[in-house]
């Protein structure tokens, strides 16, 4: 059987990535694709890469009518817009998967980190936090999903086994992560220009990057108590990829790299997309795939635990994870339409 | 039903790309993977990107026994090695697809462009030139296929409609093409280092690049008479992609860009992987896909025809094309396991 | 002695490059730096790279008064703006060097290639075409200079020795060139984004790119008769650099690669910035320098001459060349403040 | 007056960078350039970028005789070779500046981090640790200098003001740093290939990277007591640049970002190459320059201090710093021949 899907906001990168993935999905048909400023154009006009799968598909303006009745609607809008538009359609479609930050956090946390009140707080509870490996039960029992951000996905999965078992302290955790430039989206701004971003590494969002809240939310859920993280993101000159370097302080004695690796392998034993490696993971290994690759070390010298994780920010960090959650909402195999194999080289 | 395949030479980039593509192919099982210097290791040790599909698959040393009886064997060895090894197994397997340059050209042409005699000339005739769009009949009636090079694929497809119809002169054609660095392969050499190739464009193989012979071979086949090309390749700082810029002199009057675009669309109307665009094609649009994107212009001012073509050098320019041909040899749908959608951004 | 200079339009890339070069020039002091939208900020706010040389230098709005009386004023504005502003100040300063396209071409040629009439045609004759190696006499006797574009610089210097001596036909010349993305400038547009330009090659301005007119202008000057070129530019994923690949048809017999190389070395024997190499030149070798590197080949097989040239588009292709011309206007050593050594790796 | 210099090991990247910088130095002449495997070739054969400054300079094999009597000899050999060759010449030249790791650390620390005994321990004390901003007195009173590594330079300068004043704890410090690929040098190895390093971020040297010892050595010197650091380096897809992200725990109360920034500005007030910015520093801003750019933050939420530093790994992180120290040894102005302006874009 086949489900009808809508993609709202298809002229951005997460929208394009959704369309790329859905082109290879056997049980979901893309019925409606919206893009306000580009409405009237064809998908292949905006992304010639999609010509092979969406010949003739026209972008229509978003409206509740346009998507009403669909089995699932993906919102791939800039952050802040979903809280305006989701309420208009949420009761007219079977499932919503939101890729923005709008429905990931509790209203008070949202207000604290985003600096303004949420405009549709009553809807937040209807969304599960869409990180399947850590919130599978929640997603399975939810009707709608808010897919988490790219940095939170990589960082939370890298640290979760440590916190789930109380192996490290819940405070004093540092996360230094780097992202490919596509994480900035397709909007026009000087730092996103090739001539600015190429041959350049620069940190941003110091101390207060909003993804901190999601990392702490996910890890607190896993730990069963409040987790606090100092998160420092950086832009690096590549298009896709997140690499998260996490350091935590042991809360128990007797740790070793071997025992931690074993613990990680056990923790993720049933996961289709998580791979625990002996060697440091490379972002390139997961390019264009939904895979997560992790490793972990215990440093006796400084009494620290070092955990590393990589994902593709647009796939596992956005559209792939959204599709993984959508499969769950629709009762399809969780991995359908998703590859765990990266494009290398 | 399912066919058993072997991949000979899996520690190089075309081998890795074959394994990536075959991981998503429903009717071909990878039974044997060889790699001499890396024999004994696992596929995922060499390419962690493949961990999600080849867990536990071990690389074995090449031998005739190792591949005997397989339905199809892909040779992804460095140029020159196939003529040593193919004769040992060609009669013990149903089909061979060679990705090297060894069986693409007639023996005399091979000797002229490669500077030495072919060591297995008697086997050359058993291979069809594996460019399906231009040699479909030959492939369909062949038992074995020699997949053409990356530059010849992009350049021949960009120029073929012009020469098939006698619209341009068969001499005085210039092809200026650029390639991503993966076209150099995975061998160690200074020009392949990141610090040398990054932020750098340099031409190489001036006047005598061996792919000239394949371009001329393919286009002469299409034109029905000898075609001569001055081909200048360049390395550019990207991993994948070929862009071919071709200029030819009209042989007939009355040309226009509109009529040429129409002619191209007609010529490739039945092709699953060829897309004729109004706008200049971008290599990124075909990244990791088997697609070819083309456009064409008539310049009245200089009385020239300009044809542009892009492919991914490792997919349509190597392993994807090899799989496309393999599908034909095995009687499978030509596009099975191959995507026409590029990874963008 | 020391001259006072103004830089008009310092928030773009050619302005920044001028400031970088002038920081190391012993006889020119930067007295005035203008940048309308960024006026009031400091140079180091816009370009922290310049903090070491322009601490405290404030950007002021452009006005005739601001630059009146200066020894030399560099206009680094977007194309089209110089013809508005240069007339306001040209008689109040000793010398103007314009980096835009506004005063490079005769008025009729400008109108033809730019699609609109020049708004200050009376001023064009007061500017020499600022390519010192080919227009030295004109620059030495001029008061003002219009520095040529990046593609015309690389392409004209690559072809000039052939046309100066009548060695090739003046028609049927093809130039296929690639540029780093900084050639697009610092303006915001989707194709300039890292995520669009990275891992991508795409042609643009097919048949009608405006630099065609400058290449033809410069080469016609050298040849003493009309030269016609089909010019195809491409964007490649690097920040700086131009590589120009030129093919022409011999007009005389008896050519050889050796004789052509010797001819090139002789033609440029007195030039400080032109280097004729035996091997293909690499854009990286001239990075951030004012050098031009060239090579040339005769192909007997196709009866063609192949000429290759590389420059840094922002240095020799813009601000370095502007400074080279400024030195000439001011009676300073032509190479002062300019390096012929590239930043490698 | 002019000093005669030798560059030992000029076919690697630090050698090439030294030659680039020395080409613009008014008081040092390069008299001897050695390169064993490339001996007999010309400098411009290996690095065409240097053709403009070293026309005709031939590479000679290294020998004590070749450099005897020189005023200064730079050793730009792979780590481990200097301890073999420096003893042969150190008493026959006025000054040695070693760019390798051989004479940076005390013999016991060297043995601990490098895994084998130092073969010329008696010579170590004759070298000052060549980080002028932190070891100026030592350099001024030394005859020879061991220039520190790239990561230690960026990381130590980013953290020094905190430790000099006892503002942070000497333990529990984490340094997560990224380097451009040129930091690997010019040797051939698969991870250095463009197709491996491009679009890729990967950590390496987990827990035990040898630069840890230098960071701890420099900071312990500054702090006056033992400092311990967990250092995690990563390779990112750019050619040049180091970005160091450091987190430490306050040892005193009452910190604020404003007071820390003021402290940093005061600490480095007399330094020509250190710039303290309000905004996060970008590696690109220091490209090809000897500048260091820093910022610092106090995070009240997690009670942490975050310090960021950037350098060009080949200039301030190697050859530029070596030249800065050489100027000091020779009694020249410390900044001579060195630029504080980066190549942007």
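In this document, chain identifiers A, B, C and D correspond to the written order of the chains, with residue numbering beginning at 1 in each.
Operating definition for what follows: a contact is a pair of C-beta atoms (placed from the backbone, for glycine too) under 8 Å apart; a residue touches a chain by one contact, two chains touch by 3 or more.
Owing to the predicted nature of the structure, the values given are computational and were not obtained by experimental measurement.
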Given the touch definition stated above, what is the smallest step count connecting chain A to chain C? 1
Per the definition at the top, count C-beta pairs in contact and tell me whether C-D or A-D has more. A-D
Chain whose Cα centroid lies at the greatest distance from that of chain A: C
What is the distance, in whole Å, between the centres of chain B and chain D, each centre taken as the mean of its C-alpha atoms? 45
So, what's the distance in Å between the C-alpha centres of chain D and chain C? 35
Would you mind pulling out the distance in Å between where the CA atoms of chain A average out and where those of chain D do? 38
Using the touch definition from the top, which residues of chain A touch two or more other chains? 13, 180, 182, 186, 195-196, 198-199, 237-240, 281-282, 284, 287, 345
For the complex, give me every residue of chain D touching chain C. 13, 16, 20, 23-24, 47-53, 182, 186, 199, 239-240, 272-273, 275, 277, 279, 281-282, 284-289, 291, 293, 314, 339-345
For chain D, which residues count as touching chain B in their complex? 13, 180-182, 184, 186, 188-190, 192-199, 237-239
Over in the complex, which chain B residues touch chain C? Could you list them? 171-172, 174, 176, 178, 180, 195-196, 198-204, 206-207, 228-230, 232, 234, 236-241, 243, 245, 247, 249, 280-284, 287, 297, 299, 301-302, 304, 306, 308, 310, 345
